[in-house]
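Per-chain numbering from 1; labels A, B, C, D and E assigned in written order.
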Amino acid sequence: MTALLEAQGLTRSFGVSQGMFKARRTLHAVNGINLDIRKGEVLGIVGESGCGKSTLARMLLGLLPPTAGKIALDGQDIHTLGRKGMARRVQPVFQDPYSSLNPRRTIASIVSLPLEVHGIGTAAERRKKTLDILDKVGLPQRFADRYPRELSGGQRQRVAIARALVMNPEIVVCDEPTSALDVSVQSQILNLLMDLRRELGLTYVFISHNLAVVEHIATRVAVMYLGRVVELAETEALFKAPRHPYTKALLTSVLTPEPGAGIPETGLGLAFPDPLNPPPGCPFHPRCPERMAQCSTITPRFTEHGRDAVACHLHDPELRASTPRNVVTLNANTALKQKENS
Amino acid sequence: ALAGKSDNTIRFAYDQAPESVDPYFNNVRIGVIIGQHVWDTLVYRDPNTNEYKGQLATAWRQIDDRTLEFDLRQGVKFHNGEEFDADDVVYTMNFISKPENKVVTQANVSWVEKAEKLDKYKVRITTKQPFPAAIEYLSGPVVIHPNEYYEKVGPKGQNDKPVGSGPYKVTNYVPGKSITLEKNPDYFKDSPKPQPKIAKIDIRFIPDRQTQMAEAISGGVDFIMHVPKDQAEQLEAVPTLQVVSGETMRIVFMQMNTLENTPAPALRDERVRKAIIHAIDRESMVKSIVGAGSRVLNTICFPSQFGCTDEGATKYAYDPAKSKELLKEAGFANGLELDIVAYRERNQTEALIGYLQAVGIKTNLRFLQYAAMRESIAAGKANLTHQTWGSFSVNDTSAATSNYFGFRSEDITRDPQVRDLLTKGDTSIDPEVRKASYREALKIIADKAYAVPLYSLPVYYVATSDLTFKAYPDEMPRFWEMSWK
Amino acid sequence: MTDIALSVPTIPEPSPTMRLVRRFLGQKAFVIGAGILAVIVALAILAPLLAPHDPYTQNLALRNVPPFWYQKGSWLHPLGTDQLGRDYLSRVLYGARISLLIGVSVVLISGIIGTTLGLLAGYFGGKVDMAVTFLVTTRLSMPVILVALAVVAMVGGSLWVVILVLGLLKWDRFAVVMRSATQQVRSLDYVAAAEAAGASTTRIIVREVLPNIVPHLIVVATLEAASAILLEAALSFLGLGVQPPLPSWGLMISEAKAYMFFSFWLIAIPGSALALLIFAINLAGDGLRDVISPEGRA
Amino acid sequence: MTDTILEVDGLSVDIATPRGTLHAVRDISFSVRRGETLCLVGESGCGKSMTSLAIMDLLPKAAKRNARRLAFAGQDLSKASKRQINALRGNRMAMIFQEPMTALNPAYTIGNQLIEAYRQHKNASEAEARERAIFLLSKVGIASAAERLGQYPHQLSGGLRQRVMIAMALMCGPELLIADEPTTALDVTIQAQILRLLADLQRELGIAMLLITHDLGIVARIADRVAVMYAGQIVEEGPTASLFQSPKHPYTQGLIDCIPVPGRTVPGGRLGVIPGVVPSLVGDIRGCSFRDRCSRTQPICSQAPPVYETPDGQRWRCILEDAA
Amino acid sequence: MIGYILKRLGLALLVALAVSAIAFFLLRLSGDIAMAIAGEGAREEDLAIIRQTYGLDRPLIIQYADWLWQTLKGNFGTSIYFKTEVSKLVLDKLPTTILLGFLALGFALLISIPLGVLAAVYPNTWIDRLALAIAVVGQALPNFFFALILVMIFSISLRWLPVSGSATWLHFVMPTIALGYYVAPAFMRLIRAGMIEVLSADYIRTARAKGLPAGKIVFKHALRNAVVPVVALTAVQLGFLLGGSVVIETIFALDGLGYLAYQSITYKDFPVMQIIVLLLSVVYVLLTLASDIANAWLDPRIRVA
């Protein structure tokens, strides 16, 4: 399988001020991510709040210029595609169905916006296309001339999906599309997304912090921690045999409705992942139940394990057999790498 | 009001602060008033009889066309103890005669050539040209400064801590806010100004007319002047107040800019100028809003001034129809738009604007402070002005008409013929020649409608009812004469 | 209690416009304010029909006639005449035109300037925002009354000078409010969605952002209109605003203030008219604000 | 002393809105026994928070509370004076809110906020209160508690703040703890930590807990008994195990079906759905409130459904005696 | 902290510079000061001399640079009208205006804080309506009109208070009320809105859940947070008051900066005008700086850690 959308060394930092009297600091929201999205797959991205999922999504959509690194669509730098070029092939579905629809436009006008922008068809054709797509996402035509505020959250999310699909894109980037919805509505939307994918051969990037949902929908999963991907694996493999301690902790924390199972102990300490103050070495080490001496000094490499990859010293074959000399070299390497990233 | 009598203080509110207390460096009425109280002049004109009396001089004589000789009073002391003698007169006259000293009231001093000391109490003053009104000026605006002090501190120091020889001395001065005059206990006994009875004059500058009125009604001040007719009449009903009115030498008129580069070329058309005069109902204005003691004028001078007359001059009646007619003839059937600058008696300006509007002349009023208005006139930027002129109380036409038609900065007509006639009037010694020249000049001004003569301005004083005082036509409240009932 | 059907789609929901209208009508303050304002606007527009006399015709024989409710008053001049014998009712009616004209024009000028700056700053952020913030700070630190007075004194007062000066001075609140409103809207996902749809920046600003900040714009506009009218009145009161014989209310107060102790109506009538207008605009503006943000923020 | 710490009978909450009266809570009854954890579960807007606020007498001004009986430890709260309520609140019954970010006053140190209620209720000295605060902070797993007292809320992470909130609720040793979605704002890993902490403390201190959540996963793991709310009513109630093993009400069933559960649901397969959306709460609802979303609606559903009960205390409000 | 203050001072300087430039060019382009200096009977030659001696014949930008340099050196020039040093003139008048500004501010806070708090604690009651009425009337009454009415009542009818001047504290009563009442509504609304918002905040619910008495909730937990924005407004309003004092000082003949400004404007006293505008803008920027610092002190979220 070839990569349809590919990110290399993707980095994004923000200058943030912390109150008036303190100096501005640099926050690495996304820190040197390599990722490939293959045609037809559903790439799930999970991670804690603030780990950079949305930032990554916005960059993949071309909405946010990366500070470093590049993104290629079919091998072509998305830079050169321009806003319109990207729009035809990659479309978003956002988390909050309340803020993702312009409250002053009718549903039809929201859905047909991409068509208008690209000057596709006559007004009548556009209207027809809009109604068709609304039908496809399961919204009766009578909603076409209503305003977003008249719709429920689930219905709004259907509108957002319709808008994303109206231009027949190849990739849809869904940033937590169901986390604002009730479970009963969430399942409707998840079903819809799956149906559409089958029907239209779509590729999804599906961001969520709900592991159960990701397990259900994704074919491959990337686990993010503090701006980095720490583990990337086929869904089944990941859920069956997580490698990274953070992935393990995440999986333990999932509370499935099993009465009597009690609350699991995650083994994570109290340390708080602060993106402004990322710990040195492995970013996860302060919370890691399996941390080793080198974890606090050396940033782990992303090592491939067949089709999967993980960034953890526990799974770095070289390091496990390492001599101190090796450690030093690695250390120097990573230091260099970090410099490039910031 | 009780406070005033009980502490023997008159609290006097005036609407404008003088830019300087030194009479040579301001040209506002309050400056003249303060000047006459703090300083003395060589000669004093009795306001009741109009007779000249010796003040700092005891006697004077005309030596030739251009020379006057004065015997000076002995034993007079300035407020700082400096003795008055010929040096003071010579210094003062020479100081004001030099343009580089930038005396603001040039019209009052530009006739002085020089002064010489003959002995300690005798001086000679030379005029640049024969100047028959010299004594009149020397009895008014031309005050005598103490030479040693003045030389030391200059005009700036004289403003900060004024020193004169007059019946009152300045004891406190906050520029722009207030000035306090206190009785000069050592005022020389022989002065034609009587020894003051009121111990203290507290002058405050209150810009807002109705604040002044409120103060008067509530007893916060004892004396205000220049109260408009309507308000004066209303204040008459207040039992604690008295209203005294009197005619003054202040004439009211409108200038029209007919200069080459006038911003209002329409005014170069005599018909337009006449139309403007015909548009204004001066009689009504006098009756309704100007008030008692006012009279309609036909020439640009006050009738009591030497040489002032409207004999033979064209008189323009109120005739809006004719006015419109004239405008039509001049090509302004659809009306005309002009600026008008004014600085006081705003209600009268508004009435004028109303009359002009009625005949189709739309005006934009720019209501300014006097200095600013003068600046705009002198710069030739004015179209129409609503002016008043008090001649510094000088009872001679040379102090009035020449200021506006003698090619000085405020002359925006500049008719050489008029200028020559006025110069002749100003500088001839023969009274008949003077009269004839003025008559001719005034006639041309009227016939060619160079300006709109309006009326003389009465002044209304409102004072606490227990004050005895008299109003004079020269707009000078004489506190040294006043007393409590 | 009413018995109603169960599920959402079958409930006859009022249309959003109707709901907004109802919310407006539910705002007593807004209804009162807008009502008074409407009456004043109507009076101003119909002034030529309603005014019993020409507001400029003076009659020195009939000066300071009191209004009809005084003994000496007459119905010929229902609100009496002023110090130059002009009909006061007519002047007050025409004065409404001037005040409204000033309010509307100043808001138009300052609204355009302020909204443009605010939109740009809020949308683009970064350097643009810094520049606009600096401009706003500079503007805020210039005392409006003083600068307006000074400029009017220099240039000479007239209606259009006053409008221009105030318009060029009073854009700060527009800029500040529009900036934060734009920032808020800009961070919403529908803007990102439009961007992702390939819409141009201009299109996004004009079609996606602007319509959503219009409510704030209207609120600021009403409050600024009131403040502009008050400022004009203050300038005219000091003699450095609109010039006679225009019947601006501020100027009428200024002209009448000398008469206040004995003919109080001369100052009370334009004073109350002015206060009523400001009151109405503020009330309507407050109501508007409450409708837009029901929590009632300042 | 009865075994029941909280007794709610016929509780309704009505909110006056411009569109009419919103019946947020409709005649619900339940009780919590000492030392027991009752979970109130339901979709957003079904009235869970209103129920908890009604018990604490913290309803917003527009909301009105009505109850046949609302008793805490035998004392009827609906008849209690403000002063009596204040004496109970924060003392014998305490509450934890959803948003740890905003539930603490940003202007005061956490120490200040921790001790003020203790001093208020227990008439204790500053030093005693501090000591208790430090004790409880360590109890909720916060190290170097003494230093933390001087910190402001914004200096703490969300997880720490929620721990502080828990400590604050425990300050006076309450008999009942009401927790309204205490973990929804937190990340999954932290959620697990906090829930575990809560469960441990509840067991250790023998506190009764009313836990409100919309997450069936949490319910299953922590609750002794569960009450399922729908549109302001409790549609089913019972011991956790029975309820999950054999849900009786179609809504409960639907809820359980629509969450993906590894092992039970097929990855990529279709999930169960509850069609439609929740009804508007404005106005009355006659009959079963779930009937228009229910796959097994019958005409009779438009009449008030009966309440069935199994011997182990599982009760449900449906025409079907057994949905399975 | 120090760095922040320095940065803000730099900004203040920049703002002052911009204001001074705007004021300079704006005013300079519309009037001829040579004329104003020259005075009576000046002839073209005199004007030329004056232009030369005062350097008015140079390009405006050079004049501005020169003026700026002189100002930076502390040489503010001489008043054209009063012929006194501008610095002396301004320093003489400043205390009165500052006093008036603080009195008015105090008055405004004195009526707006209690009313605003009460209105927020008892919304939609008569207290709220009274507060609203006071606010609405305060906003709608032009302050000069209000001042005149005060004079009518307290000086003319009741004769309790002196009309004009600044001799005793009694002289400050009416100006304080007239000026303070003008800004009070803004405070009242802000406090009311702030209190309402704060009272509905989660942490207030927490405080109630803790069983704290109502007074402690309002005064300890709510007010502290509600006054934070008031501090910021205070700075803005104080600047505003200094500007607004033009009207009030003119009416009450209070010899302060506002009146001086009015005089200098009407006399076209350019150097004075320029310095006053500059002074007020610097004061404004410094006040906002002060309020930021005060805010930081009140709000621990932005305080230095």
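The working rule: contacts are C-beta pairs under 8 Å (C-beta built on N, C-alpha and C of every residue); 3 or more make two chains touch, one makes a residue touch a chain.
If you want to know which protein each chain is, UniProt gives these names: A, D = Peptide/nickel transport system ATP-binding protein; C, E = Peptide/nickel transport system permease protein.
Fair warning: this is a prediction, and the values are worked out from it, not measured in the lab.
Hopping across touching chains, the smallest step count from chain C to chain E is 1. Judged by contacting C-beta pairs, the busier of the interfaces B-C and B-E is B-E. Centroids built from CA atoms put chain E at 52 Å from chain A.
Distance between chain centres (mean CA atoms), chain A to chain C: 49 Å. Among all residues of chain E, those that touch two or more other chains are 31, 148, 156, 200, 250, 262, 266, 268, 301, 305.
In chain C, the residues that reach two or more other chains under the touch definition are 8, 153, 240, 257, 260-261. Those residues of chain B in touch with two or more other chains are numbered 208, 210, 214, 217, 368, 372.
On chain C, the positions that touch chain B within their shared complex are 56-58, 60-61, 63-64, 83-84, 86, 153, 156-158, 239-240, 243-245, 255, 257-263.
Taken in their complex, chain D has these residues touching chain E: 56, 58, 60, 85-91, 94-95, 97, 99, 102-108, 113, 116-117, 120-121, 152, 154-155, 165, 168.
Note for the complex: chain B touches chain E at residues 17, 19-20, 25, 27, 99, 102-107, 110, 155-156, 159-160, 174-178, 204-208, 210-211, 214-215, 217-220, 368-369, 371-372, 374-375, 378-379, 408-409.
Note for the complex: chain D touches chain A at residues 43-44, 141-143, 157, 159-160, 187-189, 191-193, 195-196, 199, 214-222, 240-241, 243-245, 254-262, 265, 267-268, 270-275, 277-278.
On chain C, the positions that touch chain A within their shared complex are 8, 13, 16, 188-190, 192-200, 203, 208, 211-212.
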